[in-house]
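Look at the two complexes coming up: chain A is in both, with chain B in one and chain C in the other.
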Partner chain A sequence: MADTSIIPAALSGIFELLSPNPPGWGGNLLRGLAHSLQIALGSFGMGLVIGTLGAYGKLYGGPVVRDLAAIYTTLVRAIPELVLILLLYYAGTDLINRVLEGMGYQRVDISGLVAGIVVLGFVQGAYATEVLRGAIKSIPQGEVEAARAYGMSPSLMMRRITLPAMLPHALPGLANLWLISTKDTSLLAVVGFAELTLETRQAAGATKAYFLFYVAAGALYLFITLFSNAIIGRVEIWARRGMPSVKEAR
Partner chain B sequence: MSETPIEVPIETFPIHKEKDSSRKAGLLQPHRIVLALIGSALVGSTVYFMRWDWLHNYGDLIMQGLWRTIWILIATVVLGFLLAVPLGLAQASGPAILAVPARVFCTIIRGTPLLIQLWLLYYGLGSLFPQYPWIRGSELWPYLRQAWPYAVLALTLSYAGYEGEVMRGAFASVPKGQLEAARAFGMRRFTIFRRIWLPQAIHRALPTLAGEAVLQLKSTPLVATITVVDLYSVASRVRQDTFLTYEPLLLLAAGYLVITGIIVFLFRRVERLIPSKLG
Partner chain C sequence: MMMEAVTVSTDPLQRAYSEKAEAIHVENLHKRFGALEVLKGVSLTAKDGDVVAMIGGSGSGKSTFLRCINFLENPTSGVIRINGEDVKMVSDGHGGMYPSNRRQIERIRSKLGMVFQNFNLWQHMTLIQNVIEVPVHVLGMKRDEAMVIGEQLLERVGLSAKRDVYPAYLSGGQQQRGAIARALAIQPRVMLFDEPTSALDPELVGEVLRVIGDLAKEGRTMLLVTHEMKFAREVASHVMYLHNGIVEEEGPPEELFGSPKSERLKQFIRTVS
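And then the complex of A and B:
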């Protein structure tokens, strides 16, 4: 008896519980996974935009911009994501609505998806700033000076020289950030957004098969990570083409 | 397993001494003074305009929460590091029978969110244990019914997973000549490990260790989701009791900022103790 009851349901019941059709909860998990991936992609993209601006601000900005960027990255990296999510999620939506009401507009309902993307993107932006700043600094500065000597405008220089040249240096850090963003989506479960972790919790609570569902969700997250790693490896080879491989460079 | 590391640990807060002296140019530039004035005005207005009268009612609870956060942090960092050393060593130079399980462990820990690990242990394992009479009868049962052992276990395993990868890199980066020299002196393998290999590996890993300790601090509020009363959970209780949205969260953020500052400061002190003249 004790041998077979590691999982409360019988072995055939596992497939029933995980089946994607309504009696099973697999469909809910997959829907949660899709939400998680949407948020991860959105927040990663937003983090990249903020990070690029922040890195440029830290490197080329005036003294005030530099200090503000430093304050932003320090604060965001020192305060737990969960606290930031609560602060930005509740306080942010509240603030927007108060401003809108003050200006005489209707209250808006900010969807969980958008709020989640914005909040996590804000957090990602701080880390991306540091990654991109380091990557830009590791470009041979002669290339930047040469571009400037040719009279390239800053935006052209950014598009043609700085961004392509820093990409191989930035990729390991950015890959990291992507993996962190997929895992950080689970924090939105705490504020009640129905992504993979919360769907799992609901499925587990309804069926009492806690162990089974948490292992299944863990396997899904692990699959995302391993799949991303395979792709990141290819992108890295592509970005580093013509450069010595990492091992030789050491 | 592919060769690419899943996640290169980030150096959250650099603890090395500032290298370029040009940035030392002084805190008292005009724009800094203006920024500091704006900052203190912001802090002053939050203190003045927001409600802080609940503070004295919850003073004891806040101190308890703070204490619990800190001891969970210290316990899991120490235990996790002790676990990370064999994990790193197994991956760096162990036989395949040890290296493969160590790598699988690190991959799983770093590939899944901490929240899932925490809930898997607390709800998953916690729901399995009562089915076995011999567990219910054992001496450990009073502890297994509480939440904090699961919190400590999950955070320890998580820290060990991330740190095991760091220590693998650190062990592998100690120059082979050092170990060969030690062997030539006739040191036993354990002595080599204790005197040469481990100290140098720790020194190399120290900046990352500081960053990981900060990351660990930032993970501790997750234990509130399994009913452990830490600093974060005290703040959410204040929010429920008083219906205040911002004040407890701002205080919470300030508290974590201060603890982060202390961690970075302590690691800087440790870093300074080590004479750094590595080739």
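And then the complex of A and C:
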């Protein structure tokens, strides 16, 4: 009896529990996975945008912009993510509603998905700022100078020269950030957002099959990572297209 | 202009020259890096078809002068007129100045084909992509059209076979010839060469100089900063010798190299040749 509560004895029991159709909990887990991926993609994308702006601000901005960017990256990287999530999630939604009420509008319910993306994106942005800043600095300055010398406007230069040229230097750092963002989604369980970890906890709690469901969740996280690695590998080969292989230089 | 109109020469060759348009006119250019004054009032006028060579020791300011012309460096003071257009400058409040109109600078830059000492080809683009990049994205030329011109230019510099190769896989000489093709692709009013052979292995210098020499022969307007004295003497129509930020001596190459007046230039020619 104790056996079945931790590890279901019969395989058929496992399949029943993991079945995507109720009373199996597999559907809940997959829904949680989908939510986690949505948040990871959204927050990583938002982090890239903030990171690009932050990196440009830190490198080329005036003193005020540089200071603001420095405060942002320092604070966000200093505070534990869990604390930031709690702070931004509760204080953030409260602030928005207070502002709305102050302006005479109705309170709004902020969806957990949007809030999760914004909160994690804000955190990702700080790390991405530093990754991209380092990558931009590693572009040979002559290439940037050539772009200026041929009359490129700043935005054209960014699109055609700076971003593609810095990408191979940024990719290892960005790949790290992406994998971190897939796992950081689990932190949103604390604010009650139904992502993979919370769904797993509920399934495990309801069936007492803790081991089974946490292993299943772990396998899903592992699957995300393996799939990501395959994609990142291809992107890296493409981004390094003009660069001789490191092995050849050895 | 007024002065020239009054002093029209009777020599027909001379008159034809004075009627040519000014491509670049620089007056009393100063450039200061902190306490160090690198240029102390340099002037230059290049008309269409002129090949002006700038020579001088390292630190003489010749490269800085060239870089001021397309505003890779902001001059501290002076007047620059390119393509008949006065570049609008405003004071930066710290004794220097900067161009007030970014678009004007971008327009002017896209008329000047710059060739760098270190080639500076864009590493993430193949050779042909490097060549068509500015025509397509800055000048708004159609891609097909730019490709046709780009392929002609690569053929001209002897790199047709390398059109789809990334710069990192090319020799220095090939990269520099590619960079010259990139400069030619914008159909520049003036070509600017900043020590184009200084970073090359000795055996690769010849192929690059041949290309530049051909351009001079076909009447391209060029400003050339170089250490290759023999080459400067062959291709230049006018040579300027800079020393410590001023033009110590200038004139036609036969005069400057044949019978240098200043003691410094005599010594310089002796040491480099």
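Please note the rule applied: the second predicted complex is superposed on the first by the 237 of 250 C-alpha atoms of A that agree within 3 Å, B and C clash if a C-alpha of one lies under 4 Å from a C-alpha of the other, contacts with A are read in each partner's own complex, and residues count from 1 in each chain.
Rule of thumb we're sticking to: contacts are C-beta pairs under 8 Å (C-beta built on N, C-alpha and C of every residue); 3 or more make two chains touch, one makes a residue touch a chain.
Computed from a predicted structure; not experimentally measured.
Enquirer: After the alignment on chain A, I want to confirm one thing: do chain B and chain C clash, or do they fit together?
Expert: With chain A aligned, chain B clears chain C, so fit.
Enquirer: Put down the vertex angle at chain A formed with chain B and chain C, C-alpha centres only, nearest 10°.
Expert: It is 100 degrees after superposition, to the nearest 10.
Enquirer: Of the two partner chains, chain B (first) and chain C (second), which one does A:M103 touch, if any: first, second, both, or neither?
Expert: After superposing on A, A:M103 lies clear of both chain B and chain C.
Enquirer: Tell me which partner A:V83 touches in the superposition: chain B (first), chain C (second), both or neither.
Expert: In the superposed model, A:V83 contacts chain B only, not chain C.
Enquirer: Examine A:R241 and indicate which partner it touches, taking first as chain B and second as chain C; both and neither are also allowed.
Expert: A:R241: touches chain C, not chain B.
Enquirer: Quick check on the superposed pair: does A:A149 touch chain B, chain C, both, or neither? Answer first, second, both or neither.
Expert: In the superposition, A:A149 touches chain C alone.
Enquirer: Does chain A have more residues touched by chain B or by chain C?
Expert: The partner that reaches more residues of chain A in the superposed model: B.
Enquirer: Under the stated touch criterion, which partner chain does A:R160 make contact with: chain B (first), chain C (second), both, or neither?
Expert: Second partner only.
Enquirer: Rounded to a whole Å, what is the shortest Cα gap between chain B and chain C in the overlaid structures?
Expert: Least C-alpha distance after superposition: 14 Å.
Enquirer: State the interface residues of chain C toward chain A in the complex, per the touch definition above.
Expert: Residues in contact with chain A: 70, 72, 102, 105-110, 112, 114, 116, 118-126, 133-134, 137-138, 166-169, 186.
Enquirer: Inside the complex, what are the residues of chain A that reach chain C?
Expert: 140, 142-143, 145-153, 156, 160-161, 164-165, 167, 239, 241-244
Enquirer: Any idea which chain A residues touch chain B in the complex?
Expert: 2, 5-6, 8, 63-64, 67-68, 75, 77-84, 86-87, 90-91, 94, 127, 130-131, 172-173, 175-176, 179-180, 183-187, 189-190, 197, 200-201, 204, 208, 210-211, 214-215, 217-218, 221-222, 225-226, 229-230, 232-233, 236
Enquirer: Which of the residues in chain B come into contact with chain A in the complex?
Expert: 2, 4, 6-8, 10, 12-13, 29, 31-32, 35, 107-108, 110-117, 119-120, 123-128, 131-132, 214, 217-222, 225, 232, 245-246, 249-250, 252-253, 256-257, 260-261
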